[in-house]
């Protein structure tokens, strides 16, 4: 078969989220749930048991009234590359249920392989991984809206954002049928990117100079979460506010974020 | 040969050893694991051909275009329609969850009739003929005018068909839910004496002064506003947000100016003082087109105005002066008003002054400014056919007093519905149709409405869902849901300056025995016979809609919307300042005695909670933060200092009391709120619907009562005095 | 009634009392079994764990009992490999305690995973880079070693021993026991260590993360060392408790003293290593990731710096000193204090390395996660205790566990 | 676990790790097999004296 | 307990005379062998029969016959949609194109027209190669991009004149074709089984991709959803 296709250049899908634009409306979370067959329960107010692959954090500058400032921070899976693909979660999974794909830069989670040890959840500092504490139940006739592109998860396994990989698959299929071997930037966008009313999320190949994310990640306002840990995430944030950029990492009192050498990859 | 235990032992060992060499243990181990991957507790969605269908959202007045992903004949996902003038591909949490309203468990599955307090099944035919009979009796008694109707909007074809229907019967008493749009129309009517509304061209403005408008919190046309907000951020426009609480809009604004609740109008006055005194306004505008400006100038120019404004608003006069100058000196300033989502009107006092603020900067009908939009109806139906009863009924004035006397320019005083329902005299409602509205939940003092509605002999609900009001109805004639029905979706003007209509089209076959309300009205009219049937000569709602839109229909059908960016802006006419000379701002003070209720309760509105007639579907409920709802407890926000003062602690229970009732709440201390103010999310505390929606939190509307604006009569209740005590 | 089963020359309580005891403990056991079945049938929603607290009480219990069970491998190592012959008088009991600890640990793991029927994936689809894989492999292998070590003891039951096959088997197994023990020690060293590695490799969790040697973080070595130090203390503790309950002296003082002394050396050296590790972590590792030591102990109602002080000073240095100074060690009260403190210390260390790791926020805007276990978790954690007591009761009654018992308690 | 499994890669990690595992398992297995076989031989040699060894 | 002691004695062979003992050992070996043999027979022959239930297709279908009438081979009925997705087993609407009325003399066809076409009911075909829900299989990638033949995975089904019995694993609910006819899992042809290993082997051979950090094979999400 066609070996030449297989040396397609490695992609590195990533995201840039403009926090100045993000309004905290929550559409990304719901778009994701709807796209990815995420179940819901009667009481979802225990946020530590509530599955939302992308979660919008509300962060504040912790200053008293009226100097209080608030910023919303949507947090999908960061798809950490770590060092050579050894993201915090991938290397700890005992059953190889989660993996880093060098061809896409996407951290996969295979629900049918996972047996629910939850070690990966402990390893992830972003809390991007969710456990199915309950059997998924869709009341009334809601099973009808389930998408066949994403398999519903059984209880007792971990799940997380996969950058809507099923959309990538569909885009590729279309390209193949049209005789192309690769896709355009706009053919593969995640559900949260597409749904965001503010246009705050940009998604694309971080390796591809023609993609919007390539430029955005180099903005002086760009930062990533917990870069100092060496997780090497693929989600970039943009904020014009210094306190927001500083909240992305931990600093010892007196440390100047600008002087910190962050592990760069 | 003796078969002893040893033989069995040997046999057993042999069998065990042998079994290890067969596929049994290995295959069973593998299969049992595969079994857990396919077990019955996890559904397997069926595959099939994927198609997309275009429609429009009817869950809020925003009017977004939708693209529904279908697999075979199942609707899988709601997405935003790209290139749609409102949302261009974006979508809000409620719109996305529309799919759950379609397939969820809160649907009314067939027409129902209440017999002895319980709903029983009834056929469409019987239901319609029974209702028609009751209406005939009403007409025969001379009580035709006692038929009333309440709808969520008075812009769409179905609502207008309902209006036409009750008019034909012989009643003027059509009501629609009143919102900030009513204030806009009222102001335009009052100061310019024309029919029109307002639209704010935020995205092209460089200085947006927002009087508490939740630009990104769901204001009127939420997605249009959010998109405008992003453009503002890109283009470097400034946003100044004036409101007591650090809402999301305030958080994203360049400056947040906390203001005492209800004193926004005074701030506008203060700003006008600065602008007029320092002559920062566009002089040509004042000289060319205005009357009585000098009187107005003399009224506001004394320094006491500024001092009073500073005192009332809690903003020091320096800040007001700076703000006034900044606003007036901006290239393209615009002042937007209407609090939160714009669900409630505001008093003419405040609205009029903010409008003047815009007017004096000369931004009317200018790019980045305020546009006066044409309110002309797109509907040109033949006149209704009247008989004697019709004429007699239409000669009567409205029961609520709107459209006459001091409320001449007001369309509906919907807050008076409760009184009219309870009343035993001539001015009482004997039959009420309710469409796209849930008054038992959404109107102020909902406790009173809930009681009053029981006094109405005939209540007909067209709701698709078993909401609070529908539960009290005598007949339920369920409409198709959002994704099942044909309906026009007229745009609300506040964000769109052009003419825009979208079309909601059925993407799936109706799941249950429901009917489009438009068709039901036509059938009902036909069942009534006579002039009423004649007035509804359409064979079906679809033909009605097609004939209504004529030339636009093709675009609607093909693209899902019809848009003409230039159309519908009105000339900026003269402004008569005399209307503003006796503005009364004291009415905006929250109700209740300050000594008994030392705090002020204000609603908190966000994109994640639908506070209109549609309740939050499960997906949207899922993204409500736990600082708003914890288990089933409503959480209220207060400043840590206030909490300390009243001995309240974060995450602990407290009793919230207002003149209208008390509820148990949980405390969330938050630095982003003024001292002495309590914020409580609006849109929770449903008692209708199913367990995924109801019983969560408390209904804000239960805690406030209607406050009539002395100028317009509209219910402008926003905050209310309250107290918090430790539970 | 069951005298034929009881080893010759020793006295046991009357059967009805024994059965009564079994029944009482059995009820607790059944309660645990009920909770366990609930967890299996209904899933892990029966617990109070959550997405922040993916590892909770169970994993702590697992790590703690494995550390406490470390007495088996270390005593075995000393007895069979280093040839400390006196220890043969306590090795049986050490093995039994180890067997109980490890079987309990495996049982808890079987409840703890979300999909128990797939747990064999950890073997078949193993990811060799995962510390948990190492744990699972070594744990189950070492459990087989303990079973192999326990079997000869069972075979020594008076009636079983009468069967030539079992008699010979027991004898033969004794002969090659050193090989098994050596393998066991090798396996045990690794999995005690890999349990430490579980937390230490989490480079996304600055509270747990440690640099290290080759593929192993320092916690790998600290865990092995602490298990070797505190395991024997636990063996002594259980022996003393058994002596107290049975009212008999079962092991001679010189044996206990020897084990205590070795424990003392181990504990002393461990605590020095632990202090060095803590200092390095607090002054080099954590600050390089943006954390001060005190960041890990603030803004919450439970995890204060006290926990570090108790672990190192009260439950580390203090018992080490007691065990190392002969005069202290030979004072019964002080000895008991030391072995109890050492046992608590290792449990506390495991608590910190499992639960505080989960609880401490990493993102600057995140908050502490505290949790209270559900009754199902508590019941299933008590289950192994009940099971252990029952197994000890039965083994003690019917097996010649303490070689010195006859000598120390002659019956007329 | 075995080179037949999907995840197997011929690298140092797998060889050392699995090597260690199989080494341990085979020692245990061979040890037990030895004991059992030795026992069967012992019984068949009918060495009654050994019975009284205790 | 003396009773117990008796039992112990009985088991113990130490008291038996030599030849009796040898005989006992002999019996023991025989029984051991019987045990092995019985379990082998059960495991290799009976077990597979018990494990799979046999289901008949609702209507018989002659692939060979249909192949003669169509122009585009398999893709005539099992076609690709415009969006790149694969249609799989044809829907009734496709069959109706030809089978509005009974065409031939096959009683199966007659039954098909009567029971399904006339009633507008979809045929509940049992799909031999149906993968579990967790599997994403892209026909486009294999057929369009990879240029593979249908036969490679599906075997010579196009030449069949009748539909064979569908066998369903009673435990997993999956088609037997996934594991393969041979219970041992050994294969002769590429289409003999459709397990993950089969996919992976071919991917290794054909694509040579080693992008997965853990397995040095293709990424997991390439085939999983």
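Residue numbering begins at 1 within each chain, and the chains themselves are lettered A, B, C, D and E in the order written.
Keep in mind that, in the parts below, a contact is a pair of C-beta atoms (placed from the backbone, for glycine too) under 8 Å apart; a residue touches a chain by one contact, two chains touch by 3 or more.
If you're wondering where the values come from, they're calculated on a predicted model, not measured in any experiment.
When the C-beta pairs in contact are tallied for B-C and for B-E, the bigger tally goes to B-E. Relative to chain E, the most remote chain by averaged C-alpha coordinates is B. Using the average of C-alpha coordinates as each chain's centre, D ends up farthest from chain A.
Averaging Cα coordinates per chain places chain D and chain E 37 Å apart.
Inter-chain centre distance (chain C to chain D, centres taken as mean C-alpha positions): 26 Å. Averaging C-alpha coordinates per chain places the centre of chain A 39 Å away from that of chain C. Averaging Cα coordinates per chain places chain A and chain B 33 Å apart. The multi-chain contact residues of chain A, meaning those touching 2 or more other chains, are 46, 60, 86, 96, 111-113, 135, 151-152, 154-155, 170. Shared interface positions of chain D, i.e. residues touching 2 or more other chains, are given as 6-7, 43, 51.
Within chain C, the positions touching two or more other chains are listed as 115, 118, 121, 125-127, 129, 133, 164.
Put simply, chain A touches chain C in their complex at residues 46, 48-49, 57, 59-60, 73, 82, 86, 88, 91-97, 113-119, 121-127, 129-135, 154-158, 225-226, 228-231, 246-253, 255, 260. Within the complex formed with chain E, the chain D residues making contact are 6-7, 9, 43-44, 46, 48, 51.
Residues of chain C that touch chain B in their complex: 115, 117-118, 120-121. Within the complex formed with chain E, the chain B residues making contact are 1-19, 21-24, 27-28, 31-32, 34-35, 37-38, 44-45, 47, 49-50.
Contacts from chain C toward chain D in the complex involve residues 123-129, 133-134, 137, 141, 144-145, 148, 161, 164-165, 167-169, 171-173, 176, 179-180, 183, 186-187, 190.
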